[in-house]
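Shared between the two complexes below is subunit A, which has subunit B as its partner in the first and subunit C in the second.
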Partner chain A sequence: MTDISKTHLSPPSSSSSSRSHPKPGVVYSTKGEFDIREHYCKLLSQDPSKSMPIAAIESLSALCDATRAGTIHELMSTIEDGAEALKKSIPNAISLTAGCDLFKRFIIAHAHDDPKDFEAFKQQLQANGHLFAQRAREARDKVAEIGADSIKDGVTVFCHGHSRCVLGLLNKAAEAKARFNVIVTETRPSKLGLRTAKELRAAGIPVAVVDDNAMGYALKKAKMVIIGAEGVFGDGSILNILGSYQLALVAKAYNRPVYVATETHKFVDIFPLDQFNMPVQQNIIDFDPPKDIEGATPQDQQDFVDHVPRHLIKGLITEAGLLTPQQVSDKIVAMRFE
Partner chain B sequence: MTSQMVEIHTPDLKWWLAHLENDFHPVHSIDLFVNTLKRRSVRNPTPTAVGTAQLLLRLIAAHKFTSIQNLVDYVLSLETRLSAARPREMSIRNMVRRVLGIIREEAENAGYGDHFKAAMEASQAREEPLAAKPARPPLMASHTSFANPTQASVTSLFNILSQSASPQAVSTANSPSQSGVQTPQNAGLPPPQPLSAQKDIRPAVIQDIRELVEELESSETSIAEYAPQLIHKNEMIMTYGLPSTVHRLLLRAAHKREHDFTVVVVEGSPNIFKHTHGAVMNKIPLTDQDDTASEAEAAAVRKSLQERGVQVIVISDSDIFNFIGRVNKVFLAANYVLADGSVLATAGALNVACAAKALMKPVVVVAGSHVLCPVTSYHQEVLVEMGQPVTVGYEEGELLDRADFPNPLVDLVEPQFVTMFVTNNGIVSKTTINRATLDLYHMPEADLV
Partner chain C sequence: MSLGNYQAGGEDADAVVLRSQVIEDYETPENSSLNRHLPGAYLSHQINYLTSARPMATAMGNTIRWLKTEISKISPDITDEAAKRHLVNAIENFIHERLTAAGDVIINTTCERYIEDHDVILVFAKSQLVEKTLLEAKRRGKQFRVIVVDSHPLEEGRNLLACLCENGIEAEYIHLYALDFGMQGATKVFLGANAVMANGALYSRSGTAVVALAAQAKGVPVLVLCETVKFSEKINIDGIVNNELAPPDLLVNVSRHKEFPEPGYLEGWRDVPNTMVVNFMYDVTPAECLTLVICEHGCVTAEGVSAVLRMSGMDR
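For the complex of A and B:
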C-alpha cells in the first residue's frame, strides 16, 4: 500500500531509489534511461499552476529529446513506453492519460507530414514544447470568460475543492463587477477548499467556508454549484476531488444546477462504470487500518477522487462553449475518428 | 395572444408580404420591418421566420455585392438590426443564420470556402474590440461559432497541440485573441478577390433561399406526414390547445378514418383558449394574430376532426392532472427549441409536461426546423416573455392598484420533461436534437447567450 499512499503531487522521495530494479516510472532503452516520473513530478512542483495533462505532455516531449530517436517508429515506441511507465508509476493516472493520448495522437497526425525530414520534425516538436503550457493557460482564460456569464448579481455559488478553472471563472466574474457570494467546503482530507477560500478572499469575494458535513445544510442557500474536473470521461461523467459525487447528489435533490468548469485537454476516452471500475487506486475504505489510527484513513491524503455520473451534471463549461454531457460524449467519441 | 385590442387595421404578415411584392425598397423596407417587429404586428415564430426570409431574399437579390466578404458583412449587419428589434423572437436570427449557412455552402461549392471563412473571421475580429458588454447582453451573441465550421466539432480539443507551421504562425498562435481558431491554415490566405473575378454565387444563394421559404411554408404538412408513426388506433392524446402544427398532425392521423382516437384538448386559459375553442369547431377566429389568417382559410375547406371520427374532449387547465392518467401520450407545440433540448412553449404547457412526467406519459414536442435555435444559456428564464394581463381589464382599476397581474406568455419546459421531437426533417430523440440543430446551421457549437 505504500505505493498508493504516495501522492503524485509530492516529489519523488529518496527512498524510491532504493527500490529494486526496474524502478517505476523509468524508461529504459538502448540509448540510456530516462526517469519520466521524476521529470513529471518536478514539472508539477515547479509550477503549481500547471495541470497534470500538460505536465504529462511536457514530460513525453522531454523524453523524445532525451532518447534521440532516429526513426518515427522508434519515436512512437519510446512515447508508448514513456506513457505506459508514467501511467503505471502514478496511482491516479486518468488526468495524465488524457495528456499522453493527446500527445500520441498529435505525433501520429503530424509525423507523416514530411517523412523525409524527420530531424526537422523533432526540432519543431522541441520548439513547440513551451507552447503547451501557454495554450493551456489560454484555454483556462477562455473557460473563465465563457463561465463568467453564468454568475449574475446576487447569486451564491457553491464550490468544492480547489480548481484553477473555477477560480479563474469566479475571478473573472468579480472583475466584471458581479456581486456574488461563494460557499466553499473545507474539502477534507486535503483541505483544498481552504486554499480556494483564501484565494477568493484575496480577490475581494465574500466567502463562507463550511464543514464538509454541512453540504446538505448549506447548499439550500446557494443557487448553483460549480466544480472543476481532473478528467472528463467518454460518457460525459467527470472525475474530481472526493466529495464531488456527494455534492452532486445533494444538488440534484435540491434541483440546483451543477456546472463543471474544465479545459478540453482533460477529455479522456475511457468509459468507467462507476467509482470502483476506474483505473484509479485509492484506499478509502480500509478494514485493516494501521494500529493506533482511530479516524478515517490517512488524513494527509491529497488526491482522493470521486466519479460524478453524467445525469448529475447540468453542463460543462469548456473553452469550446457550454456543453451538455451528451455533447461532451459526442466530442470524445469523435476524437477517435480524427 | 390577446384579443383586447381595438379593431384597427394593423400591418400583419399578409400586409408585409404584399408590401415586399409591390413596394419593396432595399433600404426603407428594412426600417419598415424593424418597426413592424417592434410593434409586434408580425410576431410568433412562423410569421416572423417567413417575413425575415422573404425580406432577405429580396435584399440579397437587390444588392450588388463586390465580394463574399461584402455579402457576409451585409447579412451579419442585418442580423444585428433585426434581432435587436425583437431579441426574444429567435426565429429572426435563425433565418439569418440559415441564410449564412446557405452562403457558406454555395461559397464552398464554387470553391470559395476559404473566402467565406476569412469573411466570418474578419467580421468577428472587427466585433471583438466592441465586445464590452452591450446594453442588452442576452440573445445577441457573436458569430464566433460560424468561424470555423468545416473542422467538425473536434478541433477545439486539439488546439493545445496544434502544430505551428512557421515561426510567423507561432507568433499568431501566441496572441490570446486567436486561441479559439486554428490559425496556421488561414495564415497564408490570399486577400479576398472582388466578386467580379469570382463566379457570382448570388443566383445560387437566391435559389437556395427560395427553397428555404418553401420549406418553411410546407413545414406543417411535412410534420403531419409523421402522424401515422405517432398516433395509433384507440389512443387517447392530450394536447395543450390546438396549435395549427398539432392540429394538422391530428387531422392527418384521422385521415380517411384510418384511426379512431380521442383527443383531450386543454383549453389553455387565459391566453389561448379562444383560439382553442375556435380550432375545436374548425373555425379559427380572426384575431389580431396574423398566423391565424392562413389557418382560418385552410380550416374553411377541410373536414374537422369530429367529421373524421375523432372524439374531442375539451378540459380546462385545472383538470390536467385529472385526465392525464387516461391518456397515452401528450403532444406539445414548441415556440422555440434550444440547443440543449429545452423547449419554450405556450404558458401552461409546463403543467401538462409535469403531469405527464409524474405519470410517465411520453411527451412529443412538435417543432418546425425554423424554431430550432442553436443557442444555449445559463439563464434560460430571461427568454420568457411577459405579456399584458388578460384576466383583468382597465375598468378594474382598483384591483390593478392593489395587485400585480403578471402574464408570462411562454413556459420553459426543460429537456427532462420531453421524450422526443418531431420536426419537418424527421423524428429526433432528445439526445440528438442538439446535433440535429447544429447540423442545420453548420455550426460546430451553440451560441451562449
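For the complex of A and C:
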C-alpha cells in the first residue's frame, strides 16, 4: 500500500516544491493553495498569549485540514512543504521551527498506529492540534509553579523584556504571598519592559523600570535574573530578546544567577556557535542606514534577538523541572532517538 | 606493517578490513563450534598482533567488542560457511554505517552549517575527516581560508597542506609556537579525534589541547569532528595514563628529513644518567574547551557524548 501511494503522489508534491513560488509563505499543491504565513500571523495577533511554536502547530494543523490529504505520505509531504514555506517567510523562524518539529515528530510517532484508518487518524490529528495549545498553557502554569518556589521573601528579581512564562512565575509567587521587588529594563527599541512593568504593578508587585543602559548599575541591587526564551538550542543556550546576552554577562560579572523560564516545546535541535551562526536574519550592525535615520536601528523594529551561551545560564525552569543547560542538551539530543 | 610506522591514520578502518579477510580464511577445527573457538583461539592472536604494533585505539576496541558480540550471536546450528558469510556481511555493513556513511553525514553537517563564506578555519596536524570536510566545502564553492598548525616530530600537517594546495584552497602553514599569531585571524577551529572520552574530554594528537586552550582564550569556537565509533565509555584522568609512547629518537631528531636524522643537542642522551626522552603521541583536552562535537547523529555538546552512546544503544 505504501509503495502505491508513493508512486501516485510524489509527482504532484515534487512539482509543487520545484515550482518557483510567486508569494512567500504560501503552500501550493494539486488541491489548491494555502497561505500558511497569513494564518500564522493571524493566530498570533488574535491571541497575544499564544506562543510562536503553538501558533506554528495550529497553522500546520489548519493546513492539513485545508489540503485534504488522502494518505499519510501526502500528509507528510504537505506538512514538510508547509513547514518549509513558513520558515522561509518569517525572518526569525527558530521558535516556530520548534513547533513544526514537534508536530512532525508527533505524526511520525503516531502514523503507524493504524495505517488502515486514515480518516480517524486525521481526526485524531485535529484534536491533537488543540491539545497542543492546551498543553502549552498547562506547561506555562507548571513552569510558574516550579519557579515560584525560588522567589523568597525580600529578594529583588531582575527582568528584561516581556515573557509570559516569567510573568506567570512572578504572579504565582505574589499569589503565594512572597514579598519581593522587580527591576525591569525598558528594553528598547520594543519597550516590552514597560508592558512587563504594567502587568506586574497590576498584580501589586513593586516594580522599578530602569533604562537599558542602567543594567550594570542596577543589577548589583538584584539577587537573581529571570528571563524568558524564544527558543532553547541543542547545547542549552537560548535565544531571547536583544539585550539578554549583555544582561547575562553583567550577571556573570556580579555572580548573580541567571534563570530562564521556558516551556519544553521551545526546545529546538539547532546548535549555533554564536550570535552570527543562527538561522536568523537581522540587520543590527548597519554601515549603510537609511538617510533619515540618525539613531541606531529603526525604532519600529520589534523582534531583534540575542543568543545567550550556556555557560552564562545557571538553570532553566521548565515544566519538566529545574534543568541545567547540559540536562536540556541531553533532552534535545534524546528527541532524535525517539 | 603500516600501523607500526604511523603511516595509517584511521586504524579503525584498517582493523575492520583486516578482520574481514581474516574471517574468510578461518576454518573451525573439529570438536569445536565457531562461536566458541573463533574469538578466543583465533581472533585473539590477530588482536594481539595488532596491539603489538600500536596500543589499541578506542575505535579499534569498540570495533572488536562489536565483532565479538556479533560472533556470540551466531547460532551454533548453522554451517561454518553460512556463519562466515553472515559475519563478512555484518562487517561490510558496519564499515558502511559506522565509518563511510557516518563520515559523509559529518562532512555534510559541517559544510552545511558550520563553514560560511569568509571563514578562516584553523586546523591542527591532520585528520582525515577534517581534510575531507575542507575539500567538500571547497567543492561546494565556499570561500574560506585555512590555517594549518603543525608540530614536531610527526609534522602530519604538511600532508594536509599539500592536499589543500593541490585542491586550490588558500592555506597558511605555521608551527605550534606561532599559534597565538594564527589564532588572531581564525574564526573557527576544527579538530579531529582519536577518541572522545565519556566525560567529554577529547583524546587527540599531542598539541591539540594547546590549540583548544588558545582558541578558548581568544573566544574562537572549537568544533570536533568525530564518528560515534570513536566515542569511549572510559575516562582518562590526565594526558599520561593510557597514552601511547612513540620512539624517543623521533623527538631527538632535529633534521627536516627523516632519511638523514640529525641528533642535535640531545645526541647521546642514552649515556647521560637519569635522563629520559618521552614522546607522547596524544593529549587530553577538557570538555570545557570544546564548543561542540559533530557526529553522525548530529551535533552534541562534549559532555553529551556519553548520553549519545547510551541512547543509540552502542554501550551494549
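Here is the rule we go by: the second predicted complex is superposed on the first by the 317 of 338 C-alpha atoms of A that agree within 3 Å, B and C clash if a C-alpha of one lies under 4 Å from a C-alpha of the other, contacts with A are read in each partner's own complex, and residues count from 1 in each chain.
The rule is short, and it goes like this: a residue touches a chain if its C-beta (ideal position, glycine included) is under 8 Å from a C-beta of that chain, and two chains touch if they have at least 3 such contacts.
This one's a predicted model, so the numbers in the text were calculated from it and none came from an experiment.
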| item | value |
| --- | --- |
| Subunit C versus subunit B on the shared subunit A, clash or fit after superposition | fit |
| First, second, both or neither for A:146, with subunit B first and subunit C second | first |
| Partner chain(s) touched by A:36 [first = subunit B, second = subunit C, both, neither] | neither |
| Which superposed partner A:234 touches (first subunit B, second subunit C, both, neither) | second |
| Partner touching more residues of subunit A, whether subunit B or subunit C | B |
| Touching partner for A:334 - first (subunit B), second (subunit C), both, neither | both |
| Partner chain in contact with A:157 - subunit B first, subunit C second, else both or neither | neither |
| First, second, both or neither for A:274, with subunit B first and subunit C second | second |
| Subunit B versus subunit C as contact partner of A:86, first or second or both or neither | neither |
| Subunit B versus subunit C - smallest C-alpha distance in the overlay, whole Å | 5 |
| Contacts on subunit A seen with subunit B and repeated with subunit C across the two complexes | 326, 330, 334 |
| Residues on subunit A engaged by subunit B in the complex (per definition of touch) | 54, 57, 102-103, 105-106, 110, 113, 124, 127-128, 131-132, 134-136, 138-139, 141-142, 146, 149-150, 152, 176, 259, 263-265, 267, 315, 318-324, 326-327, 330-331, 334-335, 338 |
| For the subunit C and subunit A complex, residues of the former touching the latter | 113-114, 116, 188, 221, 223, 291-292, 297-301, 303-304, 307-308, 311-312 |
| In the complex, subunit A residues that touch subunit C | 234-236, 269, 271, 273-274, 277, 310, 326, 329-330, 333-334, 336-337 |
| Complex contact set, residues of subunit B against subunit A | 133, 137, 145, 152-154, 156-161, 163-164, 170, 173-174, 176, 179-180, 340, 376, 378-379, 431, 434-435, 444-446, 448 |
